[in-house]
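In the two assemblies presented below, subunit A is common to both, partnered first by subunit B and then by subunit C.
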Partner chain A sequence: MQDRMTPAERLAAVLMGQKPDRVPVNPFILGFAAKIVNLPIGDLYADPRKSFRAQLLCAEMYGYDATPMYAYASFGAWEFGGEVGMPYEPGQSAPYIIRHPVESPEDVDKLEVPDPRKAGSIPIAMEIAKLCYENKMPVVFQAGEVLTTAANIAEPARLLRWMIRAPDVVHKLNKKVAEFFIAVAEYFTSTFGADKCMAFTGGPVESNKLINPRQFGEFVFPYMKQIHSKVLGMGVHVILEHPCSDQNANLPYYVQLRKELGWNGKYIWAFGPETPLEKQIECFGEHDIIMGNVDPPSFQFKSFEDVLALCKDNIERGIKNPSGYILGVGCELPPLAPPINVYALMKAAREYGRYQ
Partner chain B sequence: MKDEILRGLTDSVVSGDVEKCVEYAKKALEAGIDAYEAIMEGCARGMSIVSEKYEKGEMYVPEILCSAEAMYAAMEVLRPHLKVEHVGTPRKVVLGVVRGDIHDIGKNLVKLMMEAAGFQVIDLGRDVPNERFVDIAVREGADIVGLSALMTTSMVVMPEVIKEIKKRSPKTLTMVGGGPLSPELAKAYGADGYAKDASQAVRVAKSLIGGVA
Partner chain C sequence: MKVVQIAGFLGSGKTTAIIALSRSLAEKGKKVAIIVNEIGDVPVDAKVVSEYGLKVRDIGGGCICCELLVSLAYTLEELARSYSPDYVLIEPSGVSIPSSVKDGIGLAKGLNVEKGPVIVLFDGERGQEQLSDEDLGKFIKRQIAGADIVTINKIDAIEDGAARSHEGLIRTINPNAKILRISAKNGLGLEELVKLII
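Then we have the complex of A and B:
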């Protein structure tokens, strides 16, 4: 079945609350794109030109609607003066932390908020952003996952222990991280114009695999609200929010965030497979777009027919969202997935995701 | 009196109260309670409760890390008083997160539970190269090598490591765990054991070596 719209037209339609030809597809592909174009995954994170080209070609080859971007979950350690490794060795699939820049509460006191123009991976993200801009694609910058970033700076177990033993130290660190994210947002929006930018945020350390909702309320919510309201205030209209892994218990806070921000701007919610689409529609459906959450490991292990069935089910449930739906995967698509299983997303979108 | 002290130890491990835990450890010694019993029936029992509460969603990782702190503080007090029959060579477990994977919080909980149960754990950390697991297992004469992986992309190295261990250290047993693994996968990978969480990891390790740590 032929597509009648281009990816840009399709996304624009969803963002404006209109119905495109079919549901758009954003498969949350990062490392997988490198595999498709026969590059080491390291290049996807270390070489902006190769990364942009790999992401673009992969999207073109399948016909999905996501545009290139730069983000990884170990963000923060390098930017604040630590060290990360790029995934060039077999078995490695994303940047990994070699040295955390903070080891003690005194280090937190001494920690300086870095200049975003020079900090860690930001120059790489900026190069990719420039290529997106030149190619008339949205510019995506990473902003908002304060606790994950603080954990990457201070080492997760240390930070989590401080949440109980020394909460003021965590707040001190979180404040610096929030300040940094706001500076990053200013850097990107002043370079390209806020209307060309989209913010991406999403952190695994915020998940209820690690912290309880009360801790989310104390150590995440205020900073998230601060950053999001600043970013929206700069004129960024779209925030792609990925509450990674199981965040069901945090859901009331995300709803509170949207309420307290006056349901400003458009959010695209990309929850993990743990959060049923029906629940998401109930919480955000009147205002926001829901991105699908097909189970990521299934792409690596299940048959094409099974993955197709999962995608069909996701479409049938997600398409009911009154403010728009994008077929998506619940977290990064595993780089070792057989290529045919990614095609299942496209086939499902074209066969079961047509709008009349 | 004895029950009260042991319960005090258990409760202060669960609540992560370092001072109280040390206090109860000292009280145990003063009351003539065997140090081994205090560790097993006080501290280790506390950690089992903690682990169960985590699995039920009643406790989260920050609290568990504080419980660990309390447990280690009490063990410092109790260990020097262990009787000779209990200080004999403990069973050695070499533990680490496989190559390409830095998710180490779960592995650290497994380590904690194993240490509470009396195993000597040699922690290789995260993103551990295959050869390192094998070399250390051989060098240390490990009873068990435990491999942890949290990603479908990283767990695929496990069969290679297990095969090499079997070749170079045939007596060493292997066990695997972490989100994407299952008993079926563990079997397919050639591992001797699989555990879905930290307390099960202790049970499996004990059953592999036929009883006590």
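Then we have the complex of A and C:
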């Protein structure tokens, strides 16, 4: 079936609360794009021009509606003075941490909020953003999450221990991380204009596999609210929020966030596969867009027919959201997934995701 | 190819234990591969790698919720093809839950994988203190509950009474687990652990 809209028109329609020709597709593809254009995954994170080209060609080839961006789960360690390795070895899927910049409470005291123009991967992200801008695409910058970033700076298990034994140290670190994210947002919005920018935020350390909702309320919520409030205040209208993994017990805080921010702006909620779409629609459906959450490992390990069935089911449930739905994957699409399984997303969107 | 998981919270001695076990298995003529979350966490130096013929693979970087499981499965497949190890020792991050890592092992396709024991290291010096904390305790209990073998590490640094107290506590969390006392640092109890792995 032929598409009647371009990806830009389709996304604009959803953001404006209108019905596009079919549900848009954002497969959360990063490393997979490198594989498709025969690049090492490391280049996708280390070389902005190659990264942009790979992401663009992959999107064109499949016809999905996402534009190039730069983000990775280990963000923060390099930016705050540590060291990361680029994923050039077999089995590596994203930059990985070689040295955490913080090992002790004293290190937290000494830690300086870096200048975003020079910090770690930000110059690479900025180069990709410039290419997006030149090609009239939205500019995406990373704006969280705070606790995942703090864990990348201080090492996750150490941070969990401090949350219990030395909460003041965690708050001190989180404040610096939040200050950094706000500085990053100022850097991108002042370079391109806030109306051209979209904030992306998300991380797995906030998940209830690692912390409980009380800890989320103490160590995540205030900083998330601070950053989001500032970002919306700068004029950024869209926030792509990815509560990674199982965050069902944190849902009341996300609803509280939207309420306390007056439901300003447009959020695109990209929860993990653990959170039922019906629950998301109940929480955010009146105001926000819901992104689908097809189980990521299924793309690597299941057959085309099985993945197609999962996508169809996701569409049938998500399309009921009154404020819009985007077919998506519950976390980054596995970089080594068989290419045919990504086509299942497109086939499902075209066959089962048509609006009347 | 037998896959053995060696888990434990930060500071429990996973790195020391995994290197000591690798050496011991290599000395018995076994081909050993190590999979770690973050290569920086395991200072396996070049000398040890060449002397004992170890293969070290890092699966770090991806999102811990799902990408790591996929990377783990892929890395097991790749190791089986390129190296054919007798044993693969997996050191997951200190915040990993053994059952999640088992899921990743289960995703590996077309391999003759024998699931070896899940070993959880219990910090002999600080374990009880960590367990007594409501939040941290829950986390460590989940690790212990998923273990086939719980090893009380740093046994050289604690009294016999403390070790017995640890054993009692561990039994209340996981009555089916085998409990061993070891010192990964000076090798105490390691041979018994190696026998259980083999």
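Everything below uses one rule, namely that the second predicted complex is superposed on the first by the 356 of 356 C-alpha atoms of A that agree within 3 Å, B and C clash if a C-alpha of one lies under 4 Å from a C-alpha of the other, contacts with A are read in each partner's own complex, and residues count from 1 in each chain.
Here is the rule we use: a residue touches a chain if its C-beta (ideal position, glycine included) is under 8 Å from a C-beta of that chain, and two chains touch if they have at least 3 such contacts.
As the structure is a computational prediction, the values presented were derived from the model and not from experiment.
Novice: Given the superposition on subunit A, are subunit B and subunit C in a clash or a fit?
Specialist: With subunit A as the common anchor, subunit B and subunit C collide in the superposed model.
Novice: Using the touch definition from the top, say if A:157 reaches subunit B (first), subunit C (second), both or neither.
Specialist: So A:157 meets both subunit B and subunit C here.
Novice: For A:231, decide between first (touching subunit B), second (touching subunit C), both and neither.
Specialist: Neither subunit B nor subunit C is touched by A:231.
Novice: In the superposed model, which partner reaches more residues of subunit A, subunit B or subunit C?
Specialist: C
Novice: A:207 in the overlay: touching subunit B, subunit C, both, or neither? Say first, second, both or neither.
Specialist: second
Novice: Between subunit B and subunit C, whom does A:139 touch in the aligned arrangement: first, second, both, or neither?
Specialist: Touch status of A:139: no partner.
Novice: After lining up the shared chain so the two structures overlap, which partner does A:91 touch, if you call subunit B first and subunit C second: first, second, both or neither?
Specialist: both
Novice: For A:300, select first, second, both or neither according to whether it touches subunit B, subunit C, the two together, or no partner.
Specialist: After superposition on chain A, A:300 lies in contact with both partners, subunit B and subunit C.
Novice: Can A:44 be said to touch subunit B (first), subunit C (second), both, or neither?
Specialist: It touches nothing on subunit B or subunit C.
Novice: Check subunit A for residues that touch subunit B in one structure and subunit C in the other, and list them.
Specialist: The answer is residues 74, 87, 89-93, 96-97, 156-157, 160-161, 163-165, 209-212, 215, 296-297, 300-301, 334, 336 of subunit A.
Novice: Which of the residues in subunit A come into contact with subunit B in the complex?
Specialist: Per the touch definition, subunit A meets subunit B at residues 31, 74, 87, 89-93, 96-97, 156-157, 160-161, 163-165, 208-212, 215, 296-297, 300-301, 334-336.
Novice: Would you pull the subunit B residues touching subunit A in the complex into a rising list?
Specialist: Checking each residue of subunit B against subunit A gives 16, 57, 60-63, 65-66, 69, 98-102, 104-105, 108, 127, 151-154, 156-157, 180.
Novice: Once bound in the complex, which stretches of subunit A touch subunit C?
Specialist: 72-74, 83-85, 87, 89-100, 155-158, 160-161, 163-165, 204-205, 207, 209-212, 215, 244-246, 272, 296-297, 300-301, 330-332, 334, 336
Novice: How about subunit C: which of its residues touch subunit A in the complex?
Specialist: Touch list, subunit C to subunit A: 9-11, 38-40, 57-67, 69-75, 78, 93-95, 97, 100, 107, 109, 130, 133, 135-136, 138-139.
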